[in-house]
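Shared between the two complexes below is chain A, which has chain B as its partner in the first and chain C in the second.
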Partner chain A sequence: MRISDRRFALFLMTPAALFLAVFVAFPLFRLVADSFFKISPIAGGSREFVGLDNYVRAFASEAFTGAGWRTLAYTLVVVTLEFALGLGMALLFTMLGKSSQIWRTVFMYPLMIAPIVAGLLWKFLMIDNFGLIGTLLHQAGILSDPNQIGWLSDPGIVLYSVAVPDIWLTTSFMCLVLFAGLQNIPGDLIEAARLDGARAPALLFRIILPLLRPVIAVALVVRGIDAARAFDTILIQTNGGPQSASETMSLLIYRTMIRFGDPGLASAMGTLYLLAMLAVAFVAVSTIWRPGKDN
Partner chain B sequence: MSTRKNINRLATIGGICTVVALAASGCGAGGPASSSGSAGTSTVNVLVEAGGHAELTGVAEQCKKETGVDVNFVELPYDGMFNRLSSEFSSGTVSFDVAALDSVWLPSFKDAVQPIDELFTDEAKKDIFPALVKEANVDGHFIGMPAWTNAEIILYRKDLFEDAKNKADFQAKYGYGLAAPTTWKQYQDISAFFTKDGMYGTDVKGGVETEWLAHVLQAGSPMVLDANNKVVIDNAAHKEALDFYTSLVKDAPSGAAQVDWAAAQNLFNQGKTAMTRFWAHAYRQIPKDSAVAGKVGAAPMIAGSAGVGGVPGPWYLSVPKATKNADAAKKFVKCAYDYNDKGIESNLGLAARISAFEKYQDKPGYESFKPLIQTLNGKATATRPATEKWQQIVDTVLVPMLQKAVAGGDSATLLADAKKQIEDLLK
Partner chain C sequence: MRTAERVRHDGGATPMAPGTPSAPVATGKERMRRGVNREGLEAGRRGTRTLLWVLLAAAMVLYGFPFLYLLFTSFKTPIDTIAVPPTILPREWTLENYANALGRSGVPASFINSIQTAIISTVLSLVLAVPAAYGITRYKTLSGRIFIMAALVTRMVPPVAIGIPLASMMASMGLADTPIALSIAHTTISLPLSIWLMSSFFEAVPKDLEEAATVDGCSRLGALWRVVIPVVSGGIAVTAIFAFLASWNEFLFALLMTAIRSQTTPVVIANFQTQFGLDWGSMTALAAVYSIPVILLTLLLQRRIVAGMTLGAVKG
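Up next, the complex of A and B:
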């Protein structure tokens, strides 16, 4: 039997397409469809079409807009710090060459820890009255009282405190990706720039970073989306509190659906969140990566 | 060409295998309800919060002997429990035949569980605390059998209270003797007295709402909603309760905003607080190697202007409508009532029947029972409002409001804001 290339390609794609249809497209369709209904949380209960009412309720709720801004702030803080630290470490490892092998492995260590465990670990480091960080800072003479800073109980700083385990966990991922990208920058290009008299800042900003751009785009988009859906580390540390000051969008959607029994509103929030993430990913890819534009 | 043919064949086989695998897994994930794992058998799956397993093990053993019903426990942490119930009830497929439900969940899950009116005989109703009989009845049907109940009492450090120097110093400073407090003024004085040298008089829990609500009851108002579901959170009793609650912040460990039950229990067991208002079961749960083991006394909840008032924390055994093993499940629920006292010797050490508590109240090691019974029988003791929005009101309004209050917010403004938010939620 002879088949055309086109049909052969179709055959190869079928399993993946089916998988995506069942596990991605169908749930997505259900999500969007559910967002137009008021649904009873108990199976067999009522299901009433309400048009855009759930979207109106979402936008009218302070919890939703608040969670949106908090998610944005959390993502910016986490990704910026991870990128800066990860790039610094990647450059250091590149500079050290082969002798950095052991350090690279050690640096990967947090990546192997489950987020929920890391969250718990940091909770006990920062918790009021018993936290090690407060005690150590007090013993070092930096704080006058071990409880001077309410890392997890002060609504003004809690969002940054709960970001710490996330940064600790995934800076190594950012470093790994950027380090791999750095390996692909031709050594002769760097050498030529040096011979032309370029100093370190010029090398970094004019040669290395522009050449790394596609890698940076992938790393930022992947980590950005990952950070924006932060859930487990925050849940275990503060459960979104105090005063909802660490409640990000994923936590809000989860609580709306499971705890408050409002699948329709949760679906509307989920759909809006999805659209926002798609827009961010699109902008990031088209501005940082710019596939094809440089050629 | 043969290579090409082989690839085609492989691709086709691969595609078919994937489709079959996906279809199979698809059926497993979202197919028709397979009902509980023990459909039609004499084994019942019982979903319980951590602690409930030990509490019901004695009952299960007795039930096996009497009725032949085998029990398989599934134990979950408190938060995970609600989420699991909520997910399973919303999917229509349940993995359990009996679930232990916290009282606040009953209104939310009332449509997903079966009536068990036949188990509430006149005799049974007489032996269960009245507030619990009332709460178990939702929309005219009994939907849960109380398995164990609890209430907040006062736990205090007997060793510190009996210390001669403390007694003399306290007498000199306040003009009356140091003893377990019987008025809230005394509670404030004692809290202030013990707050020194890295120790605190009491705790203030900003992460949970029940304790503040008990103060509301003591001040003579229904909690948050009145009998007609009108929001009364801005009345004088709520303000009085909130002002008293926050007055203790200065004598409590820092970070009150995030102090919840676990944190407060930990602070007391570590010897950081001299008194705590806490669920009675904690008395028997003080670890033997704790700094305070053997040094703790128990006293009833203190009366306010309306009398002694506490918020009962009962758990109810309910049978989901979706189970196919309802007969065996109901047999187990009946056993749990018949042998209710079996749970008292467990780690949780609680019961729901008055007769069970009375049987143990004079035995050594059960000193918390008398204060508990007194609190449960208190004039102002009442169960939480039966609204399915209760959990949402707690999570989105009451707890954030308390957290602002303990951080120094103005109580009248906070209560007025809370009223508006709750009215919006109930619309």
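Up next, the complex of A and C:
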């Protein structure tokens, strides 16, 4: 008595599918359901159906639209900088060849550090008064006063300062993926282009980058989604401040839920945030990723 | 044969993933021996190489410095930690910060909680992901394709969106503030990743292998357990490392779902800021103690980790 292959495959997948259904799909369902209610934050408190009221309040609040724009800006800055740095490092390692292998390993170390630790570490470097960066720039004669730039206290630049640990943590990932991609470019192709008189910029923009396109696309999508969800590094550095200048969507939802005790409104924001992420993910997956297909 | 050569070069790290373009693949041995006559992008001229090494040294110093500074600071005296202006090296090396950090109540317990949570979550992820990934890659059914898509979409869900409903679910199951609850939450992050990684590893196992085993009288489950699993054991190790790290470093779920009893170290580190004023010295010491084991682990297992990270992203 042999069950069919199809049934057998289903049997193997069922436990994982059930797990995801119970612990991901069901909480998501709860989130969406909660977004239509006005909920008292006290356990066992009142629950009143309010239709789309929470959504109206979300869109009307400046905190929500502001957090949306800040999340977008944050993601763009993080992904752009770490792509540029990661590509630079990957090219450097490739040009140095095998002799750079040990440094490639060392370069990976930030990937293993907890984001909370990275955030703490950079806060310590950028903090007013005893932060080292301001002091070093002052000693080098670039700043007239160590506190001239309030990395984490000036609302105008804080969103970019809090992005630094994120960039520092994951440039290694970009570098690793792009480096692997570079190893797949046939050496003959580069040689041939060189013989044809192609100089470095032409080599990079006409040959290397177009050949890396699929790898670049995947790396950007993976990192873009992660950056848009950033929470730990920002929370520990500024907690969204000063004056909400570094409050991204994750932080706003967290604060709405925990500090302001408005689960209904937070759920509506969470639902919108999730829909935006899924829309991006859907476009990305269907156009470039295509997992499970034979290569 | 180019492919055969690749497998051999990739050898030790991941024999089961011949398509994986990890580091040593492109540099053939013969090419290395000749040295000067390099191929492709590798720079040949001596001047160029010197310049590149200088650039690399600068990048490594800039990149390595922040963590070194954390280490140096952890050895300063608590007063020097926040001296104005700060010094790079400690004026006086001491273990005071370590004694303060590790002696604080709740800190040793948080380490045990972190280890416990990460181990439970890793085991849970593997137990669920290995059969699922096998089912997806070996039988190529419609349900399998839908499932791997769904698992990938799961990866896009912002943790903050499901954290609160998940926490209240755990509370109603009587699991509030336990390592079990937190490891289940962590598994929602690591399971999709594990399924994805394991699928890539299974994809590289030749189908003949289990066919031969089934002909010899093994059941399909028996063939999976006795023939396929041993072949992908390296891949399972990579997946385990990633699942472990995902849980070890996670903060948001830990913040939402734990109170006193099951608090993990990242939450304790963050709490230093508010509970005890700004105790930078203890914070840096605790952060160092928490990070160093995983950094060492990385350096030891780097080839496997590189293989896991680049897998999938560079396939095809």
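The rule we apply is simple: the second predicted complex is superposed on the first by the 277 of 295 C-alpha atoms of A that agree within 3 Å, B and C clash if a C-alpha of one lies under 4 Å from a C-alpha of the other, contacts with A are read in each partner's own complex, and residues count from 1 in each chain.
Rule of thumb we're sticking to: contacts are C-beta pairs under 8 Å (C-beta built on N, C-alpha and C of every residue); 3 or more make two chains touch, one makes a residue touch a chain.
Worth saying up front: this structure is predicted, and the values here are computed from it rather than measured.
J.: Give one of first, second, both or neither to describe whether A:129 is in contact with chain B, with chain C, with both, or with none.
T.: Both partners.
J.: For A:152, decide between first (touching chain B), second (touching chain C), both and neither.
T.: In the superposition, A:152 touches chain B alone.
J.: First (chain B), second (chain C), both or neither: which does A:48 touch?
T.: Neither partner.
J.: Is it chain B or chain C that touches the larger share of residues in chain A?
T.: For chain A, the partner with the higher number of touched residues is C.
J.: So, does A:255 touch the first partner chain B, the second partner chain C, both, or neither?
T.: Touch partner of A:255: chain B, not chain C.
J.: Please work out whether A:263 is in contact with chain B alone, chain C alone, both, or neither, and reply first, second, both or neither.
T.: both
J.: Of the two partner chains, chain B (first) and chain C (second), which one does A:30 touch, if any: first, second, both, or neither?
T.: A:30 sits against chain C, while chain B stays out of touch.
J.: Across the two complexes, what residues of chain A are contacted by chain B and by chain C?
T.: The overlap between the chain B and chain C interfaces on chain A comprises residues 8, 11-12, 15, 19, 129-130, 263.
J.: In their complex, what parts of chain A are in touch with chain B?
T.: My answer: residues 1-3, 8, 11-12, 14-15, 18-19, 22, 40-45, 63, 127-130, 147, 150, 152-155, 238-239, 241-244, 255, 258-261, 263.
J.: Which positions of chain C touch chain A when the two form their complex?
T.: Within the complex, chain C contacts chain A at residues 19, 21-27, 32, 38-43, 48-49, 52-53, 55-56, 59-60, 63-64, 66-67, 69-70, 73, 82-86, 88, 127-129, 131-132, 134-139, 141, 143-145, 147-162, 164-166, 168-169, 184-185, 187-188, 191-192, 195-196, 199, 220, 245, 248-249, 251-252, 266, 269-270, 273, 280, 283-284, 287, 290-291, 294-295, 297-299, 302, 305-306, 309-310, 312-316.
J.: Could you list, by residue number, the parts of chain A that touch chain C in their complex?
T.: Interface residues on chain A, with respect to chain C: 5-6, 8-13, 15-17, 19-20, 23-24, 26-28, 30-31, 34, 89, 91-98, 100-101, 103-117, 120-122, 124-125, 129-132, 135, 138-139, 146, 168, 171, 173, 176-177, 179-191, 208, 214-215, 218-219, 222, 225, 228-229, 231-232, 235-236, 249-250, 253-254, 257, 263, 266, 270-271, 273-274, 277-278, 280-282, 285, 289, 291-292, 295.
J.: Inside the complex, what are the residues of chain B that reach chain A?
T.: On the chain B side, the touching residues are 1, 5, 7-8, 11-12, 14-15, 18-19, 22, 26, 79, 82-83, 86-87, 89-93, 108-109, 111-112, 206-207, 253-259, 263, 266-267, 270, 272, 322, 388-389, 391-392, 395-396, 399-400, 403-404, 407.
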